[in-house]
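First chain A sits with chain B, and in the next complex the same chain sits with chain C.
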Partner chain A sequence: MDQLSTKWIIHLLFSLCFLGVSCNSVGKKIYVDLNNTVPCVRLLNATHQIGCQSSLSGNVGVLHVLESEENLDWVLDSGPNPPYMVILETPLFTRSIMMKLKNGSSRVAGVAFVVPNSNPAGGFSPHTSCPNENSGVYTEGYDPTLANCKNTVWNPLGSGLSYEDFDFPIFSLKDDNDTEVIRQCYIVHNRPVNGSTPRYPLCAMQLFSHMSAVTNTPTCMRRNDINFSISPEYVCDPLGDSNVWGSSRPLNNTAKGHKMWESVVIAAARLDSRSFFSNVAPGTESAVSGFVTLLAAAHALRNATQEAQPNRTILYAFFQGEAFDYIGSSRMVYDMEKNQFPLDMDNIHSVLEIGQVGLRSDSKLWLHTDPVSRRNATVNKEVEELIENLQLVARELNISGEEPNLSQPLPPSSFQRFLLNRPIPGVVLEDHRSEFYESMFDNREYLNITYPPELTPEEQLEYVTDTAKALTEVATMVGRALYKQAGGEDSQLKNINADSQIVRLVKIISINQNFFSNDRPLNLYVGVYQQASEPTALVHHLLANLTGSVLNITQENCNNQREDEEDKESKHVGHTAVFLLLAPPNSTERRGFCVRSTSRVFRALSPAFEEHNYTNKAYSTWTESRWKSIRGRIFLVASHELEMLTLGVGIGVLLTSLLLTYFISSKADILFSSAREPTNATY
Partner chain B sequence: MTASVFFGCTFIAFGPAISLFLFTIAREPLRVIFLIAGAFFWLVSLLLASLVWFISVRISNMDNEAQQKGLLIFGVVLSVLLQEVFRFAYYKLLKKANEGLLALSQEETMPISIRQLAYVSGLGFGFMSGAFSVVNILADSVGPGTVGIHGDSQHYFLSSAFMTMAIILLHMFWGVVFFDACEKQCWWAVAAVVISHLTVSCLTFQNPEYVASLVPTYVILFLMGIWAFYSAGGSLRTLKLCLTCKDKDFLLANHRPR
Partner chain C sequence: MNLERLPNEEKLSLCRKYYLVILVLMPLIFSGGFAFLPFLWLVNVVWFFKEAFLKPAYTEQLLIKTYVKRSALGLLLWVAVLTTWNIIFQHFRAQWGEVGDNLSFTIPLGIP
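Coming up: the complex of A and B.
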């Protein structure tokens, strides 16, 4: 008996610990929460705000699945139950429909966009048709015939939707079970049959994405500075992250400013991308193809630059934040001007930038140059030499390096920020397909990264696709051209070959299987400065691994930048040690080892935020708003009449009961007197 | 659904109880104290019943639907029985307290009669029972949505509010009848109260057939109301007197000191 009661007591105490019981709450009868929603957030710059906003308590609207552009009439004019929450499929996510919704926004509560499982035919780009037109080198003062894309429109499919300001929330939903529930709810409750109005209760959706910042960056930064309370509330954060750079020869990092006798060839690529929706930016063609090619070229040059060092140093630079008015490259130029970088603008000999190179039709690669700086004879000579080097090397590899029309300006590229400072010779490599520029569809499908279906995942990792082969050729060409440009011997050129296994990184990155164990591609959005962006650490460590040498020291010594306890830090100028955890080939166990290389990061925050001058249009002033909660849910709504009826009945019951009670209590003596006995006072 | 539904349902559920409180109890501090004590007794009975149910659910097999339904019925019956046990316990406590109060007070007559205590304790039970029945439903009625996306009936909020109003008034009537029966040692009346309470609680298993559960509940409410009226000292004669406004003459004719 004793043991039994002890057992029961223990069981009782144990049960009391189980407080998280999932019961049938009323909320579950009413709402269905949406998982996997991706919102569009608000971004601000010096003069405008772009993006989407919802009200503080969420936007509620009756669901309507848009069938065609004519069907918009129901939403904007004839539908009897505004406001509406519009569900769009891909072919209808166009500028004209979105602008009509924006203009009729009193009847539109929000938009939900269903992402298809495969890329839409015909291309889709929400970016503007002339990207970064106000922060590049082509202004009215530089050359009026080339400003604002008058000569060439670089993104012809661009609808500019990313740069519009909507006052309703726009979410994107994956095409899965949740979306099927939404469609079913619409079909059962909301769909007008034969033109008749649908009857209550109707299916509705509520989206929460309230953004705290408004108007523009100077306003929100000023509001950040207001601190009346102990824990100040910030409303926005500047965009930014870190750039990665490395060199073929170690440079003394502590000595900033001009370096005597140092002449540098900069090989640049961009790391970031963006799309209409926040945190979805696969950027496979716009960014990944470029930086992977540069990494492969750096790896190919490792042996050649160590055995037969060329005259000039090659600087590998990977810029972050280029989609937002060139945050990274403007920061590097600014640091060079202010003597806070180990080099100076005078040290730069030439620039080779690798843009989008993943999709070459007919093996053609375009070599863009700046016509205005070429009017100067010395610069023109250098540029022609660079182009000649490139074309020579390309011919050996069966790539045809074409020069475009001499009056064509540079495409949007980081090189433009260097030109803003002074005329430097340079070339930008591009392939010129831009169907999905800066959109969520710029993914592996766009680059045709497909495998034969019978391969297992492990075999897929080893398989070299045609895209990888093509990129390997470009990487080899870039490596050889850089070596030649840096003054290296022609005899060494044939030893510089990019490894196709390195190039298969592009597949890994776009599938994202090894690095972050998630079933989604790498997110290349630069994000706010305080939050690390995904590709930066990846590229930093890859560059270290591919251009550095392994050291046999402990992790602690490695992190403290010394070889053993007595080692002094000043001995290793120009080098950093990075501790990497990687799996060697033929094994899945990750081991740690220390790599010494020249790979470094330095901050990529726009100079406007350094100087606290937020109206300065010379630099990027992009900030991202903060928000509290982002979520969505669907439910049924009842008619207004029923609600008012309920209130009326309630008030009626209250008034009746008040009257009755008053009446009864005032006559209580009489009403309840018949059983009273005069002698029994207690009863 | 929205604020209007929230206020509508609150007024429906708590309207009669609030008006009774305002007009009959709020001015007398002793009645307020006994009301709150009654509510507390109901709360303790619920705590015990829920403890037993919680442990039994934890022990049982969560996937067996029939077993869960059986456990729910068991929980409801146990809760009703425990509530009535605590009503009896409160009655005993009040009897003892009455003697003590009489000994303490200077006056010769009781400051509060057992009949008033019956009414007040019944209302206290009713308040607390109503609160636990309907407050979480009211909280969800403030949001923009209404019940129905999974196929449940749309009249959930309204019928819950009406049921709660019935339960609160029923508790008050049961209190009056129960205490009166205990005073007169009339045990069959006590059993009738318990059985009618069980009936009303088990009627809720008919939900979502709201008509089938609400209509019989209101019939029982009406009948219990009549019974409570008679055991509180009312009769058809006094009712006729009040309604035909002859009460003033009655008082003058039968004048006695209050």
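Coming up: the complex of A and C.
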């Protein structure tokens, strides 16, 4: 009995032991994971690769906060513990520093860029100074004096960093608590005091952003297609998405190719933007200002084009992927050439493109035309008429529409791809501010979208800022000019007015309050073709809502494009029905409506991927690499000598134990025979 | 199989089999490919080395010696060829572009 009770007591104590024990992860005690990091990824085109790459097991480097350009010396030459992980603040993220780091990359493990809370003064643009110079219309063959931005440099602040190839990872960190932890770690462990060498243990950071694709697009697409290995591995994907288009008069969508007696005025805008880091592209001035203006103009024209239809149809086109060698517009021109689009190049009368229009200094708006096509007399006459229309409506609205010097070429715009095909009269509207062109700072702060501080969020939605007012004026001007260009009556012009409530969409998109739950602006990066990008669906539905009419049918009928059970599809030639969830005014609950409109999407994949010819320089060949995991972490790292010592001791223990075992086993009979009886071996 | 328990004639016949089969029969059986498998020659050399050179002489030992020597020669030749090809392939695979990719079974990610 006593033994049993002792056993029970021991079992009880043992089980009590487990109550006081909790799970302790050794990993969590060593590493601090970084949240909110944005990497730079690798993009490839027909001949080059750009972007950043890390090693498969992450790049480890000792932290160093760069204080000035002279401090680079510590990283590149004199620092005793290479490789270093350099932390940069905004004023130091310049081309000269990055190129020096790139050239000294054996001592540089990576770069982490701390994003400031407000835009840097003086501008910042990582894009090239001559955007899309090889895919536009200005080549040596078209006009040698205008090629490669010889006449005008459109992005003078451009450092071209987005188009360099780095072999270390570059991440961007938000300036928040995590970054404060990093700075503290550096100050405590790594900072050299009075010129003395910092002693181990040192604070280190590890960044993982291994990219699978390499060399260029033909190589990675070829490796995608290899299918005899056990597990086929895709390494890259083409960039692309969908374009959105709608028309003022329904066009038969099933009949592709040339349409007799149809003359179309194309009103174009771009939907996308990009920055140095992947998936961060607010593009507020470069893209959002343009497409919101066009949406507002389409809304303003709704009544006028239905009541007093002009001779020509107005086609509203929103192109995706324009930042990457005009993916969307080159696709539309290609489809028109191959009779895959409901219209033909012969149907186009003229083009009006709305570029960056959000920041007008002195209310000036520039009306750009192409000097080379204007050498043809008929084209010149049409263009002069377009300019005259624009200037006339601009004067009524107190906007000064200026024509630049006649020899100045077109800025980078989708219209250039139409001109590549044949000379068409057209005008591009721009305001010419490019301080943050295609960078992560092209956000609402750049556009001066600020509210008086005493407003509540609901009141902020109703408030009309100066930027919104300015954009409303431009939208009205565009609407009236399009109506006139399409052959409409002058008497109707005064009825075309853009609604400023529509234009405040630009604020909503840049703040991103109503549409998505994260607290970040809408990402306008075009992304890979298989992944739908956010602005396309948004603009498609907005265009439907603003130019269409509400139908009272069920969701199922709406999605099946019919009005009721017996409806035939052929009745609705030229229209599509879209089911939208919207909150009507004065309420926050969303209800579903079916809207019938002419708004539709069509694919925006570069013709190079359609034809599987990836070396063709005539079309965009941009692809994005795939990756496995992207993350970062910081930890304390010991000196190399200590690591070698630990390894050496371990190996020594191993060898000693092997020797000992061998020794003991060979002398086993002497060592172990004394206490045993010699037994007869029976086996 | 423990060689020590075999009579000498059987040792000779085994050694000869390993040497000849590869030299003569393999090309016939697997026409074009798998000829002269170097690993079987390596087995021959390692297994019969003690028999051929370290044991006191016996009648069959002379023949066993020749077979082992010839197997060793064949093995060395193969090793030289394979090493050279390995070095060339590793060095130039990236530059060969499409040919290099077609020759590879697994292509490493992220490096050329």
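Operating definition for what follows: the second predicted complex is superposed on the first by the 625 of 683 C-alpha atoms of A that agree within 3 Å, B and C clash if a C-alpha of one lies under 4 Å from a C-alpha of the other, contacts with A are read in each partner's own complex, and residues count from 1 in each chain.
Note that in this section a contact is a pair of C-beta atoms (placed from the backbone, for glycine too) under 8 Å apart; a residue touches a chain by one contact, two chains touch by 3 or more.
In this text the structure is predicted, and so the values were computed from the model without any measurement.
Asker: Touch test for A:268: chain B only (first), chain C only (second), both, or neither?
Answerer: So A:268 meets neither chain B nor chain C here.
Asker: Does the superposition put A:41 against chain B (first), chain C (second), both, or neither?
Answerer: After superposing on A, A:41 lies clear of both chain B and chain C.
Asker: Which partner chains sit in contact with A:235 here, chain B, chain C, both or neither? Use first/second/both/neither.
Answerer: A:235 contacts chain C only, not chain B.
Asker: In the three-chain superposition, say which chain, chain B or chain C, touches more residues of chain A.
Answerer: In the superposed model, B touches more residues of chain A.
Asker: By the touch definition at the top of the document, which applies to A:522: first (chain B), second (chain C), both, or neither?
Answerer: Neither: A:522 stays clear of chain B and chain C.
Asker: Look at A:393 in the shared chain and tell me whether it touches chain B only, chain C only, both, or neither; answer first, second, both or neither.
Answerer: Neither: A:393 stays clear of chain B and chain C.
Asker: Between chain B (first) and chain C (second), which, if any, makes contact with A:215: first, second, both or neither?
Answerer: In the superposition, A:215 contacts chain C only.
Asker: If you stack the two complexes on chain A, which partner ends up touching A:672: first (chain B), second (chain C), both, or neither?
Answerer: Once the two structures are laid over each other on A, A:672 reaches chain B alone.
Asker: Given the touch rule stated above, what does A:56 touch, chain B (first), chain C (second), both, or neither?
Answerer: It touches chain C, and chain B stays clear.
Asker: Touching residues of chain A toward chain C in the complex: what are they?
Answerer: Where chain A meets chain C, its residues are 53, 56, 210-215, 219, 222-223, 226, 229, 233, 235.
Asker: Can you check the complex and tell me which residues of chain C touch chain A?
Answerer: Where chain C meets chain A, its residues are 97-98, 101, 105-107, 109-112.
Asker: Tell me, which parts of chain A touch chain B in their complex?
Answerer: 11-12, 15, 18, 21, 25-27, 29-32, 60, 185, 201, 203-204, 206, 633-638, 643-644, 646-651, 653-654, 656-658, 660-662, 665, 667-676, 678, 681-683
Asker: Under the definition above, what is the set of chain B residues touching chain A in their complex?
Answerer: It comes out as residues 1-2, 4-5, 7-12, 15-16, 18-20, 22-24, 54-55, 58-59, 98, 108-110, 113-115, 136-137, 140, 143-150, 152, 154, 156-158, 161, 165, 183, 232-235, 237-239, 241-242, 247, 250-251, 256.
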